[in-house]
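Chains here go by letter, A, B, C and D, matching the order in which they are written, and residues are numbered from 1 within each.
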Amino acid sequence: MNRLLSDPRLLFPAALVLGGAYMLLMDSGSVFAVTDILIWVLFAASLNLLISFGGMVSFGHAAFFGLGAYGLALAIFRFNLPLPLAVAAGLITTLAGATIYGALCVRLTRIYFSMLTLACAEITFSTIFQWYDFTGGDTGLPRFVEPRLGLSAQHFGLVVLVVVLAGLLLLWRVIRSPLGLAIQAVGENPARARALGINTRAVQFAAFVVAAMMAGVAGMLMALFYGNVFPDYASLTFSIDVLIMVVLGGLHSFSGGIVGAVVYKLIDHLVSKHLMLWQMAIGVVLLMVIIFAPDGVVGIAKRLKTKLFGEARP
Amino acid sequence: MHARILTGLLMGAALALSGTAHAQSAAPVKLGVVADISGVCGPLTKSGLNGLKLAVDETNAAGGWLGRKIDTITRDSKTQPPEGAKVTQELLSVEKVDMITGPCSSAVLLSVSATAKEYGKLLWSTIGSTQRASIELGHPSFFQAQANALMEAYAAAEYAAKQPGWKKIVTIGLDYEWGHMTVEKFTERLKQRRPDVQVVKNLWPKLGETNFSSFVTAALAEKPDVVLSVTFGAATVNLVKQAKSYGFFEQTKLFTFLPVDTAIALSGDMPEGVHGFARAPFYALKGTGVKEFVEKYRKANNGEWPDDWAVLAYDAFGQVSAAVKAAKSIDTPKVMEALAANTYKGMRGDIKMRKIDGNDIAPTYVGVIGRVKDYPFPVLTNVTIIEGAQVMPSEDEVTKMRAAAAAKK
Amino acid sequence: MMLVLEGLHAGYAQGAVLHGIDLQVPEGKVVCLIGRNGAGKTSTMRAVVHDLIQIGQGRVVFDGADVTHLPAHAVIRLGIAYVPEDRRVFANLTVAENLAVPKPWRIAGGGADWTIARVVELFPQLGQFMSRKAGVLSGGQQQMLTIARSLLTNPRLLLLDEPNEGLAPVVADEVIAAINRLKAEGVSMVVSEQHLRLVNECADHIYAMDRGTIVFSGSPADLAANPDVVRKYITLAQH
Amino acid sequence: MIVVQIVNGLMEGAMLFLIASGLTLIFGVSRIVNFAHGSLYMLGAFIAHSLIQQFPPAASLPLFFAEILVAALLVALIGGLIEIVILRRIYAADELHQLIITIGVVLIVRDLVRLIWGVNDLSTPMPEALSGALRAFGMFFPAYQVTVMAIGIGVFLGLVALLRFTRFGILTRAATDDRGMVALLGINQKQIFTGVVTLGSFLAGLAGALFTPYGNINHLLDTTIIVGAFIVVVIGGMGNLYGTVAAAVAVGVIKALGLLYVPRLSMVLIFLIMAAVLVARSMGRKAANE
C-alpha cells in the first residue's frame, strides 16, 4: 500500500481523479481556496527543488513568479496576443530572466548566492513598479483579462489542478533523472561533486532554470486566476512567504514544499479572523517548528508514523 | 508515505475551508470589509473602521436596514492586491456578503473592484481614491464616496492658481501612481489657469522613504515660491520635520495633502503657514450632524479626534443607508440608482453620486495651517471648499478617457 | 591513562565515519595515528574535542572523566588542545592577537605554565612577526603559530593532526624538534600522519587506521616487524 | 548644489552606518542573516518615543541624550534575551533555519508593537536646541543631522577601539574569522555570541532612538530599514566593519546624487550596485567560497 502510494505512476493519476472530483463537486468558495493553495504548492515545490536538492537558498524566487505573470499579462494587454502565444511569452520572459539571473547567481555560494538572488528580485520588482507606461506601475494591470478566462470556478480549478500536477510530476521526474542526481550531489557537497567530474555550475544553473520556470508557471496561473497582475507578485514579501513555506514543510524531501504551502495557507486561513495577531501567530509557529521540529511538518509526520507503526523501512 | 500525508492534508484543507461556508439565514445584511489593516495603510484603515463601526452600530440600534441587522465581516488584505482579490473572492463566494467596502491602497482597491464587478455586488470606497477605479476601470457596481484623485489634483491646482505669489513650483511626489498622476494633473490644470506658472523640478522619493533631506535641499536649490508635496502619512511627517531643520519654511512654502491624522501626528512640529488639501476635515465641514458625530466618535474611541477617514467612512455609510431606504432594497442596481437619484444631506453638505462613473460630486477642502483654541492640534484655516462639480471631468471626458484606456491596450 | 576511547562511533550529516574506535593514550607518551587519507585519523581527533562531528555510541574518557557529551570549549578547558590539520590561524588577526585568544584554563603550577615568552622561545621565528597578520605567514610559520596558540591553554594532552603536512623538510625538522621538547616536558600527545617520519622519531605507540576502524596497534618495534601494515596503510614518504 | 547633496549623502551615510554596523558585526560572528535587526531598530524608536513622551526633555539636552541611551540599552537587553532564548538554540542549524527564525521574530515583534503602541503614525518633538540649522560656507547644516553624524563617527571610532584593544574585540574578530577554532581554544562561544548580539542590538536601538525625533515612526519601520541595511552590509563585504563604513557613505552619497541625475532609477540603482559588487566578488576573489 505504502509503495503504491509513493509511486508517482499511481499517485499522480489518483490525485488527478480525486482532485478533479473535488473541483467539480464542491462549491465555488472551497474550489477558490483550493485553487489558490494549489498555485502556491507549485511555487513552493519549485523553490524546494532549489533549496532541498540543489542546496541553493534563494531570497528572490518571486522574481520568476512575477516574470511569468507579467510576461503573460503584457502579451495579452499590450500586444493583444491570443492565450497560447501569451503563455509562450510568459515562459520566454521567465526563461530570459532565469538565464540571466541564473548565470550570475550560480557563480556564488551560500549567503552570497542568497543576497544576489535578493538583489536580482528587487531589480525585477523595481522595474515593474516604476515602468508605468508599460507595466502599469504599482497599480498593475487589473483585469487584463476576464478572471479565470471567464471559466467557472470549478472548470478553472480543474485546469489549475492539471497544470500543477503536471508541474509537480515534471519536478519529480527531474529529481529522479541523472540531472537530478547531479543536482543532489552538488547540493550535498560541491567539492565532492566536482571531484566526481560534475560541472557544478552547469548543474546548478540547470536546477535554477527548472525551478524558475515552474515558479513562472505558477505566476501565470495566479495572473489568470484573478485576471490581475501587480508588482507584489515579484516582491520580497512573496519571496519570503514561499521560503517560509518550504521551511515549514520540511527540507530534504520532495513533499516538503507541497506540505509547507498547504500548512502555511491553512494557518493563514485559520488566523485571518484574528486581524491584529495573524503575523504573531505565524511567527510563533515558525519559531516552534524550527526549534522543536527543524525537519518541518513532513518530519513531524515521519516521526509520528514511526511511533505509531514502528520503524519505517527505507 | 509522503503521498498519504499529502492527500490527507489536502482533504483536511478542503474540509476546513468548506466548513466555513455555513448555511445562509435570510436575516442579516452582510457587509464585507476588505481592509488594509497591516501595511502602509494601517493607520488610515483603523480610523475608517472606527467610523464604519459607529455608523453600523447606530443603524443596527435603530433597527438596521429594512428591518434587517447589518453584520460586518472584516478581512485583512495585508495591503497586497493579490491578497485583496483573494479575500474578496472568499467574502463573496463563501461568506456571501451583500456589499463590500474598505480598501485603502489604489492597487488593492483595483483588485477588489475587479472581483466585486464579477459578482455584481456594490463596492464603495472611502479611502482608496484612484480615478482608475471609477473611470478607466469603472463598472456599474462601484461607488466612490469622495473626490477621486484626479478631482483632488484639479482642486489643488484651482487653489494654487489663486495664489498670485506662486510662480515657480517644485514638486515632490511619492514614486507611485498617486504621486505621478497628481503631479501630472495638477501641473496640467494649473498651466491652463495660469500660463505664467513654471514647474521647475519634479522629485520622486520612493514609497517608504524615511530620509527626505536630499529632496529638501534639491528642492530649495531651485528657490521655488512653493513646493507641492504629494505625500501622505509618514512621508509627510518625515518631510515636514526634516525640511524644518533646513530652514525650509523661512525660504519657501509647502503645499501638501493634509488630512487630520497627519496634522495630529505632526502637532507641535507643524509649522504655521503650510498650505494643505484634505478630503473631510471635520472642523471645516458645513453639513449636518458634524458636532454630534465628533462627540459620539470621541466617546467611542478614548477621546481620539475623528480624522478624514473616520468621517468619510461614517458619511458614506449614511449615504448608502439612505439609498437603501429609498430603494427599499439592497440589490446593487437599485441602490446605485438611488445613490444617483437622491441628494444626501451628510456632514459634507448636500452630496450626490454621478451615475456615469459612480463618483460622488464631493468637495475638496484647501486651506492654510494655523492654530485655534478649540483643538489641540494644527488645523486648516481660511478653508476654501472646491466643489466637486468644478473639478469633475465631464461625462464626455469620462467616456473619452475610457475609450483611450481601451485603445491603449 | 590520559585518554581512552571506548567503542567510539561518530560521523557527519552524510553518514558515519568512525565505526567503534578503541584507543588509549598513556600519560606523558606520544601516540601516533597512521593511515591513508580518509582513514579516519582527523575524525578521531575531532571526536575527542567535538569539532564538527556527531558522536554516536561509545565513550571518550579524559583523565578518568567522561567527556563524551561536553561542549568543545569545556573539553579544552579540562586540558586537551587540538591543532587541526588545516591550521586555522585567525588570518585577519596579528600573531600577537592570535596568541591573545587562548587563556591558561588549567594552572599547571611551576615551570609548566606556558606564557607568550615561553612559546616564543620554543618557536623563535614567531617573535619576529608578532605584529604581522597571521594570514600572510608561510605554512610553516602558521603551523608554529597554531601549536604555540594551543600550548597557551596549558594542555596536558595535545592532539596534532598531520603537523608536517605540506611543510618543507627544514621546517618539518623544527616541528619535530618541538614535539620532542614537549614530550620531554611531559605533555601527552596524539599525532597523526601519513608518512613514517614522526613514527620513527617520536612515537611510543602506534595505531594504524583504515576506513574508520583501528587495524593495528603496537609499539614502533611491532610496526617494524609488520612490513605489511606499513605497505598497506602508509603513503610512501616523499622525503 | 552637488556639494550640498554630497553633504546630505554623508549625513544619511552616518545613519545607515549606525544601522548596518550592528548587523555586520552579528553576521560576522554568527553568520546569521538577522532580519530581526530592523525590528530592534523599530523598538529603539518606539521606546525612545515613549521615554520622551513620559519625561519631556524640553530644553535639557543631557536628559534627551540620556533617554536615547536608555532606549538603546533597553534594546540591547531585549536583543541579548532574544539571543539567549531563541538564537542560541539554532547556531548549529543551517543558515536557512537561522534566517527563518529571525523572520519569525520580525513577525512577532511587529504585532507586539502594534499591540503596545497602536498603528498610528507617531511623531516626537525634536529638542529645541537641535531643531535649527547651522549656517556655514553659505549652506544650511541641520543641527540634528550634524549631531547624528558626529555620533556616527564617535560610534565608529569606539567600535574600532573596542575591536582592536579589548579582549572582547579580539575574540569577536577571531570568531569572525573562524568561530569553531575559538571554541577549540577553550572559549565559550555562547558568551561571544551573546556579547556581539547585545552590542549589535544596542547599535540598532541607538539608530532607532536617534531617528525618533527626526521622523515619523510606525510599525512598518522594520521593513523600511532592513533592506537598506542589508544592501550596505553586502556592499561592505559582510562582516567587515571598515567596508560597512565605506558602503554606508557610498550608498548615502549615491542616493543623494542619484535623485538629481537619475531620479527614476534611484531604486534600481542601489540594487544594481549590490548585484555588481556580489558578481565582482565572485570573479575577483575566491573569497565567496568559504
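Keep this in mind: contacts are C-beta pairs under 8 Å (C-beta built on N, C-alpha and C of every residue); 3 or more make two chains touch, one makes a residue touch a chain.
Here the structure is a predicted model, which means the values were calculated and not measured.
For chain pairs B-D and C-D, the one joined by more C-beta pairs in contact is B-D.
Among the other chains, the CA centroid farthest from that of subunit C is the one of B.
Chain centres here are Cα means. That of subunit A falls 35 Å from that of subunit B.
For this pair, subunit A with subunit C, the centres built from the Cα atoms lie 48 Å apart.
Subunit C and subunit D have Cα centroids lying 42 Å from one another.
Residue positions of subunit B touching 2 or more other chains, listed in rising order: 37-38, 175. For subunit D, the set of residues that touch two or more other chains comprises 114, 264, 267.
Within subunit A, the positions touching two or more other chains are listed as 129-130, 276, 278-279. By the definition of touch given earlier, these chain pairs are in contact: A-B, A-D, B-D, C-D.
Against subunit D, in their complex, subunit A makes its touches with residues 51, 57, 104, 107-112, 114-116, 118-120, 122-123, 126-127, 129-130, 236, 240, 243-244, 247, 251, 276-280, 282-287, 290-291, 294.
Within the complex, the subunit D residues that touch subunit B are 1, 4-5, 8-9, 11-12, 15, 114, 118-123, 125-126, 131-133, 140, 142-145, 211, 213-216, 218-221, 223-225, 255-256, 259-260, 263-264, 266-267. Taken together, the subunit B residues at the contact with subunit D in this complex read 37-40, 42-43, 45-46, 175, 202-206, 208, 210-211, 213-215, 217-218, 221, 233-235, 237-238, 241-242, 244-247, 261-262, 265-269.
If you check the complex, the residues on subunit D that touch subunit A are 31, 33, 86, 89-90, 93-97, 99-101, 103-108, 110-112, 114-115, 227, 230, 234, 238, 264, 267-268, 271-272, 274-275, 278-279, 281-283, 288-289. Subunit A makes touch with subunit B in their complex at residues 2, 5-6, 11, 14-15, 18-19, 22, 26-30, 32-34, 36-37, 77-78, 80, 129-130, 132, 137-140, 142-143, 147, 153, 222, 226-228, 230, 232-233, 237, 253-255, 258-259, 262-263, 265-266, 269-270, 272, 275-276, 278-279, 298, 301-302, 305, 312.
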